[in-house]
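Heads up, the next two complexes both have chain A, just with different partners, chain B and then chain C.
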Partner chain A sequence: MGNLDMLSLTAYALQVLLIIMAVSIVVHKNNGTIIILITTFSLITASLYVINKAPDVAIAEVAIGSAIIPLIYVISISRQREFIVLDKAMDDFIIADNAFTGVGYVLLKRFTDFYHLELNICNDVRLCSLGAGRDQLLCEQTNVDLIVSKDDERNVYVLKGKASSILTYKLEAMARDYDNIEVVKFKDRDFGD
Partner chain B sequence: MNPLLTFVVILIGFYGLSTSTNIIKSVFCVTIIESGVILLFLNLGNLDGGVIPVIGDTLPVGGIADPLPQALMITTIVIGSTVTALALMLCIKVFHHYGTVEWAEILSRESGK
Partner chain C sequence: MIKQFVLIGLLAILFAVFFVSMQDIQELYNTFGKDYIAASGFADTGSRNLVTAILLDYRLFDSLFEAGILLIAVSGVIWISKHEIEEKNAQFMLDKFNTPDLFVTFSRLVYPLMLAFGFYVIINGHVSPGGGFQGGAIVATAILILYYIDADKETNIGLIVTIEKILYIAILLVASLSIVTRGEFFTNFFALDASADTKAIYLVLLNVMIGMKVALGLWTIFTAFLKEGR
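What follows is the complex of A and B.
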């Protein structure tokens, strides 16, 4: 009988711990810390499943709840802060003297650092070979946030972004000081089809 | 085990869902609610004096815990993980469209259009 009391006492203690964990997840501000907390939360629930005579559910919870779900969160949170730039100009605007010292790169780096984003510059050959008329479609269909291209007639670098994105407006405000940089915003179309 | 304490976990999840300002935070709260519901179901199936529902030739004297909620809850865990993955994928899409994952900013942009 004493053994059984010990078990119910453990169950109550774990439940109180579970409530504390849930409150701390709700209250916490930093998403990176919440991932660790949610892993602990999953482990506590798994031990409560065992106490509730369900070891099969506990195995599934340990495997999925405290291994795969934190992995999904880590991947998505690191991907989510990405600012993807497609470099169509391919000249010293981004890369000067074999290093990231171009005017455009310095501007974009300053911008992404200011808003805690991660700058990711790509120049995929297939995407760059598309004509300028396809730029809006490209922006909507892929995850590209900004397209850098050069207007040879006016000798102006054109940065094209979505009008729906708050970041395009912030970049426009930041690029106002530069004479040879122009920010163009695509008009909004329906999202999600 | 007290079902009321489990219900408190579900309520905390709903509180977080209604007060969170960040989309990812909302997904975290959905995970909390899901765990609370699973715990509630298992607790209801855990009859007094029952043992783990693994039966040999003879039925245990004290009876067994109800195996039906357990089978259902394994399905819930698996589906819950896919729902989380889908929600986070949509969250990335929303970030690339609006440039932010804060509910208030997204809603103000939508209404100001």
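What follows is the complex of A and C.
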């Protein structure tokens, strides 16, 4: 041991722990675990700053790295896991016999379970009252992933989604078995600049 | 495969260069700056925390641009999350923000303490570790906890950003006030031979302004993220 005192031993142990944390952040697959690991990484870094006599940086690291960034990640990831469907048809396509047993619901549920997403069906009055011509704008500007509407002339349910999403292609393949369901893909437009 | 080998080779070269440059660090290493600031930092700036002495007096020019970068980042986040359709925050049928009751109760207990600690760190920035940026981040975290207590809280982003911009201009004005009194930009506007307590007025003023600006900026970023998903 010799000239190694307790503080530098702790510093070495923390540095080894830091490398383990960095590797496990890359290796882990579960998003919730990764957020906790990032938080732990920041806390270890902050302790190292304190050991190296930089308390100002340590306070900033704790506040930013282990409070604000995890909060932002938690919000973003909890939003990402949802697959939001706007139901404009409002008939027995989704809800049949006062329960989620409609043809469309079964299809969408099978689809979202395949990708481990949470199905979120909404029929907000203000969004539904927008005309069919603004469907593409609706998909681009809000977080709605899919729009369900009914074509009364042909008696076909139309599902509209973005062409840029791989999910839409998978849904199209799954809906091929159904006669009365049609999937329409929006072409991506340049907008914003 | 070739790409990976090239990458590994580049990393090896980088490590070798780093290792060679670390060999003569003893010659490059000197303590002139450290000794000067340790000897005359308190007398020059009136700040016991020498980090704040550098941030708010010796190198205020750098700190101002740092604050400006945060403002630019906030503007970018707002610009990206801007949408044309008004009904963005539509209440979805199944989209209820479920927060556990225990977490809500605990947040209510912790919230005032966090806020008080944030203000403590801001106001004592020239005495103890901390300062405007760190305290502002703590205050912002305290405000963010409010969203867990009440998920439907409405925030006027435009107003917050406007206040932040006005604060930034005010910081610039306070920082360049020294051209009138001392004849040089971006330093303390009190005379160099003023007492430490007098100089502390300037440090506390600038710390409070930077802290408020940082807190508002982080609050805006978080609100933009929160609204994006609803």
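Keep in mind that, in the parts below, the second predicted complex is superposed on the first by the 186 of 193 C-alpha atoms of A that agree within 3 Å, B and C clash if a C-alpha of one lies under 4 Å from a C-alpha of the other, contacts with A are read in each partner's own complex, and residues count from 1 in each chain.
Following the convention adopted for this analysis, contacts are C-beta pairs under 8 Å (C-beta built on N, C-alpha and C of every residue); 3 or more make two chains touch, one makes a residue touch a chain.
Because the structure is predicted, anything quoted here is derived from the model rather than measured.
With both structures placed on the common chain, the touch criterion links A:Ala173 to neither chain B nor chain C. By the touch criterion stated above, A:Asn52 is placed in contact with chain B alone, chain C being left untouched. With both structures placed on the common chain, the touch criterion links A:Asn31 to chain B but leaves chain C unconnected.
Once the two complexes are laid over each other on the shared chain, residue contacts for A:Ser76 go to chain B and to chain C alike. When both complexes are overlaid on chain A, the residue A:Ile68 reaches chain B and chain C alike.
Touch criterion met: A:Cys122 reaches chain C, while chain B stays clear of it. By the touch criterion defined above, A:Ala13 reaches neither chain B nor chain C. When the two complexes are overlaid on their common chain A, residue A:Gln141 makes contact with chain C while staying clear of chain B.
Of the two partner chains placed by the overlay, neither chain B nor chain C lies in contact with A:Ala132.
Comparing which residues of chain A touch chain B with which touch chain C, the overlap comprises 55-56, 60, 64, 68, 72, 76, 79-80, 84, 143. Of all residues in chain B, those touching chain A in their complex are 1-2, 5-6, 8-9, 12-13, 15-16, 19-20, 22, 24-25, 28-29, 31-32, 35-36, 38-39, 42-43, 45-46, 50-53, 64-65, 70, 73-74, 77-78, 81, 84-85, 88-89, 91-92, 95-101, 105, 109, 113. Residues of chain A touching chain B in their complex: 8, 11-12, 15-16, 18-19, 22-23, 25-26, 31, 34, 38, 41-42, 45, 48-49, 51-57, 60-61, 64-65, 68-69, 72-73, 76-77, 79-80, 84, 143, 145, 162, 164-168, 170, 188, 191. Residues of chain A touching chain C in their complex: 55-56, 58-60, 63-64, 67-68, 71-72, 75-76, 78-80, 82, 84, 120-124, 126-127, 137-138, 141-143. Listing the residues of chain C that touch chain A in their complex gives 49, 51-52, 83-85, 87-88, 90-95, 121, 129-131, 133-134, 137-138, 140-141, 144, 218, 221-222, 225-226, 228-230.
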